[in-house]
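Report on the following structure.
Naming follows writing order (A, B, C and D), and every chain is counted from residue 1.
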Amino acid sequence: MTLKLGVIGTGAIGQEHIRRCNNVLQGAKVVAVSDINMEGARAALQRLNIEAEVYQDGHQVINSPEVDAVLVTSWDPTHEAFTLAAIAAGKPVFCEKPLALSAEGCRRIVDAEIRHGKRLVQVGFMRPYDAGYRALKKVITDGDIGEPLMLHCAHRNQSVGENYTTDMAITNTLIHELDVLRWLTEDDYKSVQVVFPRTTSKSHAALKDPQIVLFETQKGIRIDVEIFVNCAYGYDIQCEVVGEEGIARLPEPSAIQTRKNACLGIPLLTDWKDRFIDAYDVELQAFINDVKAGQLTGPSAWDGFAASVAADACLKAQNSGAIEPVSMPPRPDFYAR
Amino acid sequence: MTLKLGVIGTGAIGQEHIRRCNNVLQGAKVVAVSDINMEGARAALQRLNIEAEVYQDGHQVINSPEVDAVLVTSWDPTHEAFTLAAIAAGKPVFCEKPLALSAEGCRRIVDAEIRHGKRLVQVGFMRPYDAGYRALKKVITDGDIGEPLMLHCAHRNQSVGENYTTDMAITNTLIHELDVLRWLTEDDYKSVQVVFPRTTSKSHAALKDPQIVLFETQKGIRIDVEIFVNCAYGYDIQCEVVGEEGIARLPEPSAIQTRKNACLGIPLLTDWKDRFIDAYDVELQAFINDVKAGQLTGPSAWDGFAASVAADACLKAQNSGAIEPVSMPPRPDFYAR
Amino acid sequence: MTLKLGVIGTGAIGQEHIRRCNNVLQGAKVVAVSDINMEGARAALQRLNIEAEVYQDGHQVINSPEVDAVLVTSWDPTHEAFTLAAIAAGKPVFCEKPLALSAEGCRRIVDAEIRHGKRLVQVGFMRPYDAGYRALKKVITDGDIGEPLMLHCAHRNQSVGENYTTDMAITNTLIHELDVLRWLTEDDYKSVQVVFPRTTSKSHAALKDPQIVLFETQKGIRIDVEIFVNCAYGYDIQCEVVGEEGIARLPEPSAIQTRKNACLGIPLLTDWKDRFIDAYDVELQAFINDVKAGQLTGPSAWDGFAASVAADACLKAQNSGAIEPVSMPPRPDFYAR
Amino acid sequence: MTLKLGVIGTGAIGQEHIRRCNNVLQGAKVVAVSDINMEGARAALQRLNIEAEVYQDGHQVINSPEVDAVLVTSWDPTHEAFTLAAIAAGKPVFCEKPLALSAEGCRRIVDAEIRHGKRLVQVGFMRPYDAGYRALKKVITDGDIGEPLMLHCAHRNQSVGENYTTDMAITNTLIHELDVLRWLTEDDYKSVQVVFPRTTSKSHAALKDPQIVLFETQKGIRIDVEIFVNCAYGYDIQCEVVGEEGIARLPEPSAIQTRKNACLGIPLLTDWKDRFIDAYDVELQAFINDVKAGQLTGPSAWDGFAASVAADACLKAQNSGAIEPVSMPPRPDFYAR
């Protein structure tokens, strides 16, 4: 049975997901799309050589009887409404991050999903589907390095533009760590503190860069995440887990080692789009397979809510300079790990 | 349009390809299989939850009007006949190595394909579809290390059984290097010499292990390949290209680096099946896509023939201790690179 | 001219320095030693095949007209008195850490040295003489990675005994980072904060292990140092400097890379004595050479004072959980960098 | 007791050894030097701030009653005569490679030393004193990788001048591998073959570069050494030992790993003088210590002879293209390992 997908929002991310679902993945096809700019949507479908119904309003996609499941890749502020509508229509929905613009918005989605009685939402956090992170998690859960005590992480970007502000280091950049580190440790954040090194001369007035975010988790794990969005040298994600018995480290992206010009080295990525390119395929195939199997297992609305609550605490900590609590309500049985 | 595949031979390799085509890849489905052991074939299909017609004779698969293209994964001695039959039926055929048991058999297939007038054959050499080898080739063709002058390679296996004999180092093990090194260098072998180090105590009477195979190519590139099938420590494929400007090396399979028990290291593979597991997916998807596009581009019958001619020279060199010529006829325009 | 050395304290460290100066280094010889246990001192000299005068009191060594310069390797509480006495006698003195038991004690030595009018003291901080740290500093001062913004460090030990308490992580372990990181960055600490992850089950009641010490320097560099003295896997020193242009990392100790038992790796050290073994030779040869040249250049009494002040702040921070200031008076011209 | 050294030849190498012995090493001092160019010799001593007797004739150094032991660092063709003269005078002699210009010349020295009845000669092969090679040998002799079966080596140089000819790849470059690989394997060569890849465009008419030299040892170990003297990218020595249980590899020279300009790498050496700089210190200190202890243990005249015999076979193989025997007479008990 081919799962019939509707895609809301045909911008860059939407087009990539449409391409994936139709041309790369198994068991699904895109039958309907929507975009405020219908001409753009039609042009995108033509470029991708895909036939699908084109609507202007995402709600039309959600309500179409032809559509089994929905991908929300529209403008961030619209995510909450479309996700709630999909839940109301009883249709599985893959919602690109952010699940909602606020923790409260995420909570509304969680409540709606619980009321519906069955998980319908997968949030587009792709790192749990990255082969490196999965291998790293396996090392931990196999007990190879003992109980985790500390994580040392970094999220580095070559450069950002003038529109990137200090808070975006949390909401746009760190948001991925906020999810994947909960998944890696199977734990929740208890508190967060943000410290600022001297700012790089490559930054601009509205951006303090780099930043270091320090977490304590419920189990007492200490996590430091360096966020450096004008690092100059490349796009670089680092994650090292220090356990009671040993240390495990996320692999560098596979690359050809060369000896040239008096240097022995491997090339590093420069474009963020290349780093998790396979994980997008894997997360969507997992969504498709899970919908067909009748049970979603990926990052949940609760995970979206947890990331949002943590992000709020990080933003508060950026401004207060203090150690801010991360106040999560108890995890509902509905979202049991 | 879904390409309808017939699979001849439902042993381990056949079952894996059936699973791939139906469950992982896009645009094809298996509609017919054959195996001398029809019960085994039916049981395999049941395990894989696949419905397909079951025949005892591969020719029935080839001749079925329901079958668009054929995968030959049967007992080695039957490959030539099935491939010739597929060509005779005008159907694209993916033939697992060996294309035929002899260079003459490969030549018969080449001649049949040329007479047919259009490429129909893809040989199951998967290494040109391995991401590492592809990246390595790109470094070379981009000119990053200048003209290649030497290649240093190794093909190591943890251990082999009593049935593995000295010649199998060429026919079963080196055969993959014979193809991929031609592809990497875009060159043909001119001569080959085999030297034997002292044999490991872990070998047995009918197997001189390790062996070192030394090639000179038409362009004058020197290639050494260490074949060590009882190396004890793991399954390990190495390939280093020394060019006029620098050196490039095939990456190690991605793995988690750990610090544990006074060692900083990464795990190595032990099972050959894990090393190129992704490449099998890629080679078959390429076959499917190429058939649908009407133009095969993968390892050709000529490549199968070239590998077989080279293998024969290697076997001769094993026994003579001399430098043996590798006599390839000129490449037909039909198989222009 | 052979520099005539007196060594105060013939315990393990003292014996090692005696061996170095007489048998390995150039231009000096040990002519006098002292130890409360004169029999032990004589036995040590006999084992080392060295002839020297044996005293019970270090002051006799300092005052001996045969002694040109002094090494203080006695019980920690005696360091201050012997160093002050050497200054009073106008003799160069190499004092093993700690320079004194308190910042005030270090200050007394600083003041005495300034009054003397010429540097006489070198503190036994060996890491600035380690080839790896020197190469790392050169990369920074050459401008290769731009202005340093952050340092990520770790000091890990396989295990410690029951006598090792939480404060010793600062006074015995971190003390080396306290000196070398000032040297690396050519900066002073401004504040320090200590956070505690969950304690490893391999620790004991009087030791919270691991710990993470967070510094801000005067120039705004943020430094994190993980101290983990029961890490189980080995003795491991890490130092990564993140600059505006790139990142530089302290090398792993040179070791043979092996492929064995399905692992590709290098051995890690387990004994702290092996990590900086060459640096002890280099620091003492530098002391000898500097004394003969008439100008000390190594870690100074001011550096010993600075490390002690920083250590005090770290101890305070361990207990308060707050960000504690590191209050250093202005650097006297006498100790200009 | 300070060993009194005479140095014959005050060119670049001679000056470096003079500097080492007087300023770095223990237990020796240079009391006499000679050079055809006495003015140059005096100027060198002045630069090094060393007082010593200056002669024009090396025999005057050898015969001086002030000289205990001799270093021969003169023009290659004079090595044999000076070494024989030192043996005749009963004085220990450290002779820079080549021991003599021919195998016959080396044999004369061996015979003279045996007649003298005690080892007096150490040849200046420094690689057995390199920390990396020593660690590699220890891994082998500890049995960590089982019996060695194959060695894969490379000796690469960035570029050479117009005076460097094909044979010099053996006599000047490979000569070091010829010694150290016998030392590593505790074995002798049985046969050698030289193959030529296509020549790099960076070479010149009188130099076929690169070359690959293939050895079989008496124990049946197969060794391949790539010699590439215009490799363009750096000065690079590689040595990988494949044993029955695993593989061990010579370490890269320690260097700072950086992330910069989209590259993660370490710098490689470009100047051959930097690669074994420490080994020169170690080999001379060993010579000094051994002379004082009355028993030489370093590379012997027999080792110089063995390297010369092997080199002759390599030169023959360069020209014949055949597998040439390496005919070594039995090792005299005088030189028992």
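Quick notes on this one:
The criterion applied here is as follows: a contact is a pair of C-beta atoms (placed from the backbone, for glycine too) under 8 Å apart; a residue touches a chain by one contact, two chains touch by 3 or more.
In UniProt terms the chains read A, B, C, D = Inositol 2-dehydrogenase.
Just so it is clear, the model here is predicted, and its values are computed rather than measured.
Chains that count as touching both chain C and chain D, per the definition above, are A, B. Distance from the centre of chain D peaks at A, each centre being the average of the chain's Cα atoms.
Centre-to-centre separation of chain A and chain C, using mean CA positions: 45 Å. In terms of their C-alpha centroids, the spacing between chain B and chain C amounts to 58 Å. Each chain gets one centre point, the mean of its Cα atoms, and the points for chain A and chain B are 38 Å apart. Residue positions 233, 245-247, 259-261, 266 of chain B are each in touch with at least two other chains. Within the complex formed with chain A, the residues of chain D that make contact are 233-234, 236, 252, 259-270. Residues of chain C that touch chain A in their complex: 146-147, 149-150, 152, 195-198, 200-202, 210, 212, 214, 216, 219-222, 224, 226, 228, 231-233, 242, 244-247. For chain B in complex with chain A, the touching residues are 23-26, 131-132, 135-136, 139, 144-145, 245-251, 254-261, 266.
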